[in-house]
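Each of the two complexes below includes subunit A, the first together with subunit B, the second together with subunit C.
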Partner chain A sequence: MNRRSFLTASVAAGLATPALAADGAAPCAPTRGTGDLGLIIERATGSVLIVDTTTRAVVSRIDGLGDLSHATAVFGPSERYAYVFGRDGGLTKVDMLACRIDRRVIQAGNSIGGAISDDGALIVASNYTPGGIKVFDANSLAELASVPAIGANGKSSKTVGLVDLPGRRFAYALYDADEIWIADFSAGATPALTKFTDVGRLPYDANVTSDARHYLAGLFGEDGFAHIDLWAAAPKVDRVSSGYNAGRAKLPIYKMPHLEGWAESNSTLVVPAAGQHEALLIDLETMKEQGRIALHSQPVFCVARPDGREVWINFAHPDNDTVQVLDVFTRKIVHTFRPGPAVLHLEFTPRGHEVWISVRDADRIDIYDVRSREKKAELKAVKPSGIFFTSRAHRLGV
Partner chain B sequence: MMRSLELALIATLSCAITPAFSADRSRELTALVREDCGSCHGMTLKGGLGAPLTPHDLAEKDAMSLAAIILDGVPGTPMPPWRGLISEADARWIAEKLKQGFPQ
Partner chain C sequence: MNRRSFLTASVAAGLATPALAADGAAPCAPTRGTGDLGLIIERATGSVLIVDTTTRAVVSRIDGLGDLSHATAVFGPSERYAYVFGRDGGLTKVDMLACRIDRRVIQAGNSIGGAISDDGALIVASNYTPGGIKVFDANSLAELASVPAIGANGKSSKTVGLVDLPGRRFAYALYDADEIWIADFSAGATPALTKFTDVGRLPYDANVTSDARHYLAGLFGEDGFAHIDLWAAAPKVDRVSSGYNAGRAKLPIYKMPHLEGWAESNSTLVVPAAGQHEALLIDLETMKEQGRIALHSQPVFCVARPDGREVWINFAHPDNDTVQVLDVFTRKIVHTFRPGPAVLHLEFTPRGHEVWISVRDADRIDIYDVRSREKKAELKAVKPSGIFFTSRAHRLGV
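== the complex of A and B ==
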C-alpha cells in the first residue's frame, strides 16, 4: 500500500469509527456495522436504548429526548441515524454508532409519528397540535415545509397514519376531517396535494402494503376501513370489511389498535378489528374480507414474522399481559403465552429468528426464539414501549 | 324521573370529595392514568388523540362531571366507559386529582 492510499483508507476508517474520534470521547462500540442494531423507547424517562440483536445486549442509553409516550422512530438509509418522534413535538436525530443525540428540534406542540422519504432526504412529522405535517432536511433537521391539514369542513385536523410512498410522496389521514391526503415532494418543498374526501368517519390510523399499492385507514367512527388502490390509474376510496360489528356490541376500546406492523402474509392482510376480540383477514387480490380469527382480547398490534407464516399479536388494557401466535396458513392460533404485565410492542429480528417484546410494567425486554418459543434473554429497560430495528431503513411504509 | 336520577347521581358522586385511599391504590390509579389513559391523552396529560387533561384545560369542568365521563365514556368518540374496570370512588379520586394537577 502506498502512502497516499493508506491515508485515504485511514481517513475513511476514521470517519466510520468512533473509537478513533479525535476528541477522545469514550467510544460506545468498536468499528462495527449497524444491521443488527436497534433502538428501544423508554417512554417514561425520555430515554432510548441502543441495542445489539446479535449479542442480545444493551449497547448504550441516551437521555434527553423529552416526552416519549407514543414515540416512534425511522432510520436513514445508512442505518446510522435514527429519527425519533416524541409526543411533545420533539424530533431527535440519534447517532446509533456514536450513541449520542446528533441534533434535536421541537417542531410542534404535540406529535404522533413520522416517516422518511424513499431517498432518505426528507423527514416528515405528523402532528396533532397544530395538526398537519412538517418536512425536515434529514441531515440538518432544518424545516423545509409545513403543510396544514385543513379539511373541506374548514377545521384544522390531527393527522394520523403517515406513511412514505415511492417518489418522495407521503400519504396520511385527517382524523377530524375524514380525509386522506397524498403529498408529493418530488418537485421540491412545495408539495402537490391529492385529497380524498368523505373517506369514512374518524380515520384513526393507516398503513400501506409493502408494494406501496394498498393504503388502508382504520375508521373509528364506523365499522370498516377506507382503502385506496394507489396503483389504479385514477385512485379512489372504497370500503373494506364494512360493518364487521353489525349485529353485535362494539366493546369499549381501552387502547386504540395500530395498523403499523400489520401482517401481509400468504396473499392475506391480517388487521386488528376495533371493538372486537378478533383479527380480520383481508384478501389482497380482491380486498374483500375472507375471515375472522377469534382472539384472547382486543388486538393492538398484529405483527407478521418476516417470512409471513405467523402473526404475533398483543392486546389492549386490561388483557395486555398476553401474546398470541396465529398461523396464517392454517388460520389457527398455535401459541398463547403471557410475557408479563403490559406488553406494548413486538419486533422481529430482520429474518425472524427471534422476537423482542417490551413488557412495560416489568421494566423488561424479553427475547424469544421464534421457533422453539423459548425465552433466550431478558434485558432491563425502564418502562419500555416501541422497539425499532435498523432493518426498517430498507422497508417501505414503516 | 330524570330529576330524581340526577339527584341520585349527585348524591352518589358528592358523598366524598376526595376519597381516602391506601397508598397502594393511589399508586395503582396514578400508574393507570399516566400509562393507560396516557396512551390517548399523553403521559404528561397534555393531550394526543384524546383531549388534554391539565388543570388549566379542565378549569371549566367540575370534578363530578369528569368522574361521570370517566365512568361512562363519551359516545361517538374513542373515550370508553371505565365503569367495570374502576369503581366510582376511583373515578372521583382521578377527577379530583386531575383538577388539582395529577401526581407523577
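== the complex of A and C ==
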C-alpha cells in the first residue's frame, strides 16, 4: 500500500508556501481540531482556501492545484487531508493542518470528480479522458488500479456520478454506454464488477441516498432517472419520474442540474428538474413522484439543511443571483433572497446553524444565520465555487 | 462568555499527566487530525482512554474524572474537546490533542447526562440532585444559567432525556412531574420555556430522531412512549405503542433499556422494549408500531449501522455476553455472537466499516469488521463502558 514508485513524475509539483490568513484572523496552526475546517475552491486561480467555520475566518490559501473548474473534494477520516479532483485530471492531497500540498498527481486528461472508500484507504477518480476510474492509495497517492469503462457497445465511455458504497465499493455511470457499474474492491485491487445495462439514454450524473440504498442517475437523453435499489436481494434498474417534461416545453438548459445537490428530507428526495423552473419531490418509500415545486428559475443545487426540514436552492445563469428556501414539510417556498452575482454553491455547517454561500462574481463568501436569515459575516475569496466542510468525511455516498 | 470567576473552586482539579499509549502504538501527538479520535469511559477508575480509530490504538489515558458510572460525552465542533458528564455531577472538558483535562467543574450532586448546542457554544447538563438543567460556556465552563424543574405539581423534578435541538434549544423530560420541556436559549441565558404537561407516568429517558423532529420519552409508569412532533405548527404530546405489554407477563427489569441507543433505519425506528425479549419497530411516518422482533434477551442498546440497514443489539444482565444483528430491511436476526462478559456499549466508525464493542468484565475493547463479522483487533481497557467517537460532533440530537 505504499508504492511510491508510481509517483515519480507527478508528485509534489506544487509544494506551495503557506499563505498568511487572507483576513488575518486565524493563521495556519498545526495544533488544532479539524472538525470545523473547510476547503473552498477558487476556480480561476487554481487555489483553495482553508477556512475555520467556528471563527468564520480564512486560515490559509494554497496555490498550485491546476484547473479547478467543476472541482470537487473529499476528506480522509481524520479530517486532516482533503483530496481535490480537478478538471484537468489533477488529484491533489492537501494537508489542511500544515497548510500545504502534501502530494499531487496528474492521473488523467480530463476528470469529473472522485470519492473515498468507507474505510478511508482508497481514493477513486472518475474520468472523461480516458474514460473509466482509477484507484489510489489514500496515503501515498500511488495508483493501485485502473478500470476502463468499455460498455456492451464496445466503446470506451466517460464515467460520471461516482459515489462510494459500504464495503470498499463504488457505483458510477457510463455516459456513452447507458450503463451503471458497481466496482467492489473489498478483495483487493482487482475489482469484482457488477454491470447494469440499458439503464436509459446518456446518464450524465448520479447520486446515492445517505443510507447508500437508492442510486439514481439523471438521464440526458430522456426525461427521468435510472434507479437501483442496492438493498434488494437482486438489484435491478427501474425508471423514476419518466417523462416529467411530457406535454410541456422544455427550456433551454444553461447548466445541467447537479444531482450531487439533491436533498433528503425524511422519506422525500428533492431533485432539481432539468429544463424546468421546478424541483421534483420523490417519495423514497415508493420511488414515485409525489409533487413538484415551482421555483424562481432552473435549479442547480438543492441542498438540505442537516435536519432535512428545509432545502436551499440556487439557480442557473442568468438567474443565479438568487437563493430560495423550500420548507419540505409544508411544501412552500418560505424565503427568497439575493446574495449577489453568481451564487455557485451552498454548504451548511454540520448541525445546520449557519450556511456558507459562494458568490463568485462578487469574489465573496457570505455566511448566514440559518434561522434568522441574517448575514453574519463575509469572507474575501477569488471567484469561489465549491465549499466543502470536513464533516463530509463522516458521511456515506459523498 | 468568558466568566472565569465562576470556576474558582472547581477548575482543573485533575490536570493529569499524559499517559503513554497503553498499546504503545500512537503516542499523544498534538499535530494530527481529530476526525478519527474517540473517547472510552473507564468507569471503575474514573479515567478515559483517547483512541485512534484509524490505527485502532489507544493514544492516551487521562485520569481524574470522578465517578464515571453511566457517564456520557459530547464533542465540540472542532472535535478537539470532549465534555464528559459524570454521575457525581462532574463536568470535565478534555483536550484530546494535549491528552489532558482542560477544565473541570462539579456542577451538581448527581447528574445523568448532557448535550451541546447546535452552534457548539453551550454545554447543558441534566441533573438528578438538584433537579433541573445547568448551562455552561463551552470554552470556559462558566455557568451561564440554572433552570430548575418545578412541574405543575409544585415538586422539583429529576431531569432526564436531555437532547439538543436546532437553534440553541434543548428538550428534556421531568421524571417526577410527568412533563417535557423545551428550553430555548437563542435570545440569551434566560430561556424561553415551552412546557408539555401530563405526558404520561414517569418519563425515564428520551431521545429525538436525527432530523430533530420526533421526541420520544419512555414511560416507567406505564407501557409506551410519550411523543412530540416538533415540526408541527402547534406541537402536542401523543402516545405511541401504548400497552405493548398488555395481556402478557412483564419480566423483571434488570436494566432499563436506553433510548439513547435507539436506531433509525429509513422511516423505521427500532426501540428496545422494556420488560420483554424484543425490539419494537415504529413507523416514523405514522408513529404506529409496525412490528416486533424476538430477541435473545432484554435489549439495552439498539445501535444502527450508519447506513441504517442493520441494527446491532446488546442485552441486560445476565445475558449480556451476547450481541445480535437485526437486518431491518428483511426484519430477520442475521447474526448472533458472544464478544465476552458484560458487553456494555457499541459504537460504529462514522461510515460503518468497523464496530467497537466494550467488553467490561474482560477489560477489553473488541473491534470487528462489520461486513465479514471478523474480529480485527483488541485493545486493553479497564472496565470499559461508553465508547464515543468524535463524529458525534456533527450530529443533531446526540
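In this section, the second predicted complex is superposed on the first by the 369 of 398 C-alpha atoms of A that agree within 3 Å, B and C clash if a C-alpha of one lies under 4 Å from a C-alpha of the other, contacts with A are read in each partner's own complex, and residues count from 1 in each chain.
Just so we're on the same page, a contact is a pair of C-beta atoms (placed from the backbone, for glycine too) under 8 Å apart; a residue touches a chain by one contact, two chains touch by 3 or more.
Keep in mind it's a predicted model, so treat the numbers as computed, not measured.
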Query = Which of the two partners, first being subunit B and second being subunit C, lies in contact with A:D307: first, second, both, or neither?
reply = second
Request  = Have a look at where A:H70 lands relative to subunit B and subunit C in the superposition and call it first, second, both or neither.
outcome  = first
Query = Just subunit B (first), just subunit C (second), both, or neither: which does A:R100 touch?
reply = neither
Inquiry  = One more residue to check, A:F220. First (subunit B), second (subunit C), both or neither?
reply    = first
Request  = Could you say whether A:R87 touches subunit B, subunit C, both of them, or neither, answering first, second, both or neither?
outcome  = first
Inquiry  = Counting residues of subunit A touched by each partner, does subunit B or subunit C come out ahead?
reply    = C
Inquiry  = Contacts for A:K195 in the overlay, against subunit B (first) and subunit C (second): which applies, first, second, both or neither?
reply    = neither
Ask   = When the two structures are overlaid on chain A, which partner does A:R239 contact: first (subunit B), second (subunit C), both, or neither?
value = neither
Query = Do subunit B and subunit C touch any of the same residues on subunit A, and if so, which?
reply = none
Ask   = Within the complex, which stretch of subunit B touches subunit A?
value = 31, 34-36, 38-40, 42-44, 46-49, 73, 76, 78, 80-82, 85
Task = Within their complex, state which residues of subunit C touch subunit A.
result = 30-36, 53-54, 75-81, 97, 118-120, 166-167, 186, 211-213, 231, 265-267, 284-285, 306-309, 329, 349-354, 370-371, 390-391, 393-396
Note = Note: in the complex, subunit A contacts subunit B through residues 43-44, 67, 69-70, 87-88, 110, 112, 128-129, 158, 160, 175, 202, 204, 220-221, 252-256, 317-318, 342, 360-361, 383
